[in-house]
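Note that the chains are named A, B and C in the order they appear, and that numbering of residues resets to 1 at the start of each chain.
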Amino acid sequence: MLNQAIKTISDNATGITIWCGALCTFAIYSVLYKENKFYRLFEHIFIGLAAGYGVYMTWSIVLRPKWWEPMVHNGQWYWVFAAVLGSMFYFMYSKRHVWISRIMFGLFMGLAAGGMFREFYELIFPQLGASMKPILNQSAADNGVIPNVFYTLQVCVFYAILIACMVYFFFSFEHRNRVVSSAASAGRWFLMIGFGAIFGATVMGRMTLFIGRFNFLAQEWAPQVSPGLSHYWVWVAVAAGIVLLAVILKRHPNSSNE
Amino acid sequence: MRAALHSLRIWLAEPRDGFALAAFIAGASILGIAFLVMLCGIPNRYRKFVVMSVTFVAGLFLSLEFLLPRDVVSAQGLVFSIGAIGLIISLGFAAKSAAARPRDIRGLGIWLAMTVASTAVAYFASSLRAIAVPLTTLSKSLTTARPAVGDLAMIISSFAVLLGILNLFQIHGRAVSRRTQGWYNSAAFFVAFFAILIVGLVMDWRQSQLAHLEPGSPAFTTVSRANTINSNLFQILFRGFLTSLESTMFSLIAFYIVSAAYRAFRIKSAEAVLMMVAAVIIMLGLVPIGASITSFLPESGIFSNLRLERISYWLLIGPNMAVQRAIGFGIAVGALAMGLRIWLSLERGSFFDRQL
Amino acid sequence: MGVFEKLQNLDRRILYVLLAVVVSAPLLIRPSRHPGIVLSEVQSAYNAVDRVSSDKIAIISTVWGAGTEAENGPQTEAVMRHMFQKGIKFVVLSWDPVGAEITYRDGSRIAKELGKHYGVDWVHLGYRPGPIYAVVSGMAEDFQRVIDHDRFNKKLKDIPLTRDVRSHRQIGVVVEITPSGTATTWIAYFTQPYGIPLVYCPTAVMAAEAYPYLDSGQMAGMLNGVIGAAQYETLIGLGNSPTYAAAAAWSLSAAHIYIIALIFLGNLGFLTMRSRNRVGGRAGR
C-alpha cells in the first residue's frame, strides 16, 4: 500500500509540486495577518529542508568525488589527513580544546587576508586611474572644435563630489579648517544622492521578489485550480476573500496592529 | 640522502588497493589522531603562538604570490627598491640629525656613511642573479601551487558543513525530548532534514547503479523506474517546498518596505528631502512608466535632457558614481587595514582575545 | 478623529492587500511590450557576450538561490538564450546549492527549446561551496584540476566542451549573476589580471554600487535586476514576447508609483498633524 501511495505521488508529481508551492506561499504569507502556528510549522520545515539539502549537496558534489572516491576507489590514502584537518573545526564544541578549532579558522582567515594586497591593487588602482578624468574633452580640442562645455561641467561636478565625500570620510583629524569643514558638509549632502539611489534600487529589488512569487501563483498555480475555466475567475474569488478580510478587520480593529 | 627522500616520496604517493589501502588509511588515521592528541597536549602559553603562526603562514602564501616578481629584471628592481628605501630612511635620519644638532659632525657622518653603504649594498645585491632568480622561482612555484591550494581549501571547508547542523540538532533535539511548547515544529525540522537528505542520497545511489547496468536489461528497467519515482519525490521536496519557502521568505521584505514607506519614512530635514527626491527620480526613471511621464518632451535636442529617464540615468552615472567611488575608497583602505591586522594577529575583539 | 489621524493609523494589512492588487494586473494581463529604452550598460553587456570568439567559452557564475530567483532568474535565462542563439559555448558554475538545481533546470529547458545539447553546447559544473576566492584564483591557472567534474560527476576531460579548457586563456567572458558582492572576487583574481571581460548581473539592490566599476572599465556591462533582463531580452529579439521580465517591469512601475504615493501620503499626514499640534500648543499657552 505504501509503495502504491508513493507511486501515485510520483505519477502526479508536477501537480503536487505546484500545490505544495502554493500551500507554502500562503503559509508564509499568513504571518502578514498575524503570528500563527501554521507559519511557524512551515518555517521549521524550511530550515530542515535547507539544512538537509546543504549537507546532501556538499557530500554529493564536493566530498564524494573529490575526497571519498580518490581515497577509497583510487587508492590515494593520504586524503585521510584532509578529514583530520576538517575534524579540527569540531573542537569548537569542546570547552577545554576549543582553541584547536581556532587554528582552522585562523588558517582560512589568514588565507583570505593574504589576498587583500592583490584585491586592493586589482580593485582600487584602476579606480584611481579612472578618477583622473581630463577636464577638457581632448578629441573635441584636437579637431579644433570648442571644448564640450557640458563634458567639462560634468567632470568638475565629479571632482567636486568625489573630493567632498572623501573629505567627509577623513576621521583621522578634526575638521577645524573652514574649507575642510565646508567640504565635509557638502560631502554629507552629496552622500544623500548616493543613499537615495541605493534606496530606490532597494525598493525595486525587493518588490521584484514579491512580483516573482505572485507570478508563480498567477501563472502556475491558478491554472491548476481551474484548468477548464479562465483563471481570472480565481482572482475574482481571491479578491472577494480580500474584501471579506477587510470587512472583518474593520469590525476587529485591534487585531495585532503594531 | 636526496635520492632516498625522493624514493620515499614516490613510495608514499603510490596509489594502493585492497588490504594495503585499508592498512595505509588506518595508519594515516592513527597518525592523524596522534597529531590531534599532541595538539591537545600543547601548553596554554604556546597556543596563541601556534594560531598566530598558522594565520601568518596561510596569509603569506597569497601575499607572496602576488608581491614577488615574476621575472629576473623585476626581481632585481625589487631588491634595489628595498635598498633605495633604506637609503631614503638613512637620508631622512641624517637630515633630522643635522637639524637637531648642527655641530654633531660625528653623528651626521655616521648617517651619511650608512646612506652610502645602503646605496652600495642595494646596487651590488640587485646585480646578483643569485638573489633575483630564487625570488622569481618562488613566485612561479606559488602560482603553480594556487590550484592545489584552492582545491584543498574547498575540500577542507566542506567538512565544516556539519557545524551549524549540530547546533540546530542540539536546539531542536532538546525541544523534542523535553516536549517544550511548539515541540512538533522541531519534530517537523527533523522530518524535513532527513527526508530531503535520504531522498537525495538514494537518488545519487540509483544514478550510480544505472551507470553500471546494461541499458535495456531487466535490472536497468527496474532501477530506472525506481530512480524516476525517487527523482519525482525529490522534485516535490525541492521545488514544491524548499524553493517556494525560500523565495516566499525573501518576498516578505516587500511588504515591510510598504509598511515602512507609509509609517517610518519621515522627511524631517533638508538632507532627507534631497535623498527622497533622488530616490523618487531613480525609482521612476528605471521603470517603463517613468519614460511615459515625460514622453511629451522631444527625444533629441537640449530639452531631451529633461526627460525623467535621462535625469535618472545621469544621477546614476554622475553624482551616484562619484559618491560610490568615494565610499569604495574608504571601504578599501579600511579593508586593507583590517586584513593586515587579521593577518598579523593584531586584531582585538571577543573572538581574538578569548583565552586559549 | 480627523481624516489624517485615521490615515496615520491605517491597518498595515490593508496596505499589504493594496500592494497585491497593484502588482497583479500586469502579471495577469501579461503585456508583451518590453521597456522601450535600453541603457548603455546593458548594450555593453550584450556586446561583451556577443564578441566571444569561437575558440573560447563563457563562464556563467551564479551565486543566487531561490530567494532572488525573481530577479536573477530572468537575467540568467536571457544570457543563456543569447549564448545559445549565437553558438557561444558556456559552462554554468553555481555557488548556491539550491541555485545549482534551478540553473540546471532552466538551462535544460532552454537548451531543449533551442535544440542544443548538453556536453556540446553547454555544461553545468554543479555546486561549489567555496571559498570563492580560493576556487576562482585556482581556476585561473588550472581549470581542469580545480573544477575537475560536472554536476553528474563526469570528468571535464571526458566532456567535449570542456576537454580543452585548461586555464583563463580559453575563457572569453565571465558573466557573474549574483545577489551579493562577489563580483569583486572575480575582478581581483580572474578578469582584471588576465584582461577577461566581466558582465555583472546583480539584483537591483547591488546595482547602484557597481557604477564606479563600469566607469573604470573593470566591468564590461551590467544588467540591473529584472529591468536589465527585460532590456537584454529586447536586444536578443524577444522585444515582442510576453515574457515574465516584461510583465515584471510593468508591475514594478505600478509598485513604484504605489510606494511613492504612500511616502507622500504618510509625510503629508505627518506634517499636517505636526503643524496642527504646534498651532494647538501655541493656542493653549
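Basically, contacts are C-beta pairs under 8 Å (C-beta built on N, C-alpha and C of every residue); 3 or more make two chains touch, one makes a residue touch a chain.
Everything numeric here is computed off the predicted structure, so don't read it as measured data.
If the chains shown are joined wherever they touch, the resulting network links each chain directly to all the rest. Using mean Cα coordinates as chain centres, the one most removed from subunit A is B.
Centre-to-centre, using mean CA coordinates, subunit B is 21 Å away from subunit C.
Centre to centre, using the average C-alpha position, subunit A and subunit B are separated by 16 Å. Averaging C-alpha coordinates per chain places the centre of subunit A 11 Å away from that of subunit C. Contact with two or more other chains is made by residues 32, 50, 53-54, 56-58, 62, 64, 66, 108, 111-112, 115, 118-119, 123, 127, 194, 197, 200-204, 206-207, 209-210, 212-213 of subunit A. Residue numbers of subunit C whose C-beta contacts span two or more other chains: 12, 16, 19, 67-70, 98, 128-129, 131, 134, 137, 148, 204, 208-209, 212, 215, 224, 227, 252, 255-256, 259. Residues of subunit B found to touch two or more other chains are 62, 149, 151, 153-154, 157-158, 161, 238, 242-244, 246-247, 249-251, 254-255, 257, 261, 276, 280, 283, 286-287, 316, 320-321, 324-325, 327-328. Remark: subunit C residues 9, 11-14, 16-17, 19-21, 23-24, 27-28, 67-71, 73, 97-98, 100, 126-129, 131, 133-134, 137, 148-149, 151, 153, 184-185, 187-189, 192-193, 203-209, 212-213, 215-218, 224-227, 244, 247-248, 251-252, 255-256, 259 touch subunit A in the complex.
Within the complex formed with subunit C, the subunit B residues making contact are 62, 143-144, 146-151, 153-154, 157-158, 161, 207, 238, 242-244, 246-247, 249-251, 254-255, 257-259, 261-263, 265-267, 276, 280, 283-284, 286-291, 309, 313, 316-317, 320-321, 324-325, 327-328. Remark: subunit C residues 8, 10, 12, 15-16, 19, 33, 35-37, 39, 65-70, 98, 101-102, 128-131, 134-142, 145-146, 148, 152, 204, 208-209, 211-212, 214-215, 224, 227, 249-250, 252-260, 262-263, 265-267, 270 touch subunit B in the complex. Subunit A meets subunit C in the complex at residues 32-33, 50, 53-54, 56-58, 61-62, 64-66, 108, 111-112, 115, 118-119, 122-123, 126-127, 129-130, 194, 197-198, 200-215, 218-219, 232, 235, 239, 242, 245-246, 249, 253, 257. Those residues of subunit A that touch subunit B in the shared complex are 6-7, 9-11, 13, 16-22, 24-25, 28-29, 31-32, 37, 40-60, 62-64, 66-67, 71-72, 74-78, 80-90, 92-93, 97, 99-100, 102-104, 106-121, 123-124, 127, 131, 154, 157-158, 161-162, 165-166, 168-169, 187-197, 199-204, 206-207, 209-210, 212-213, 216.
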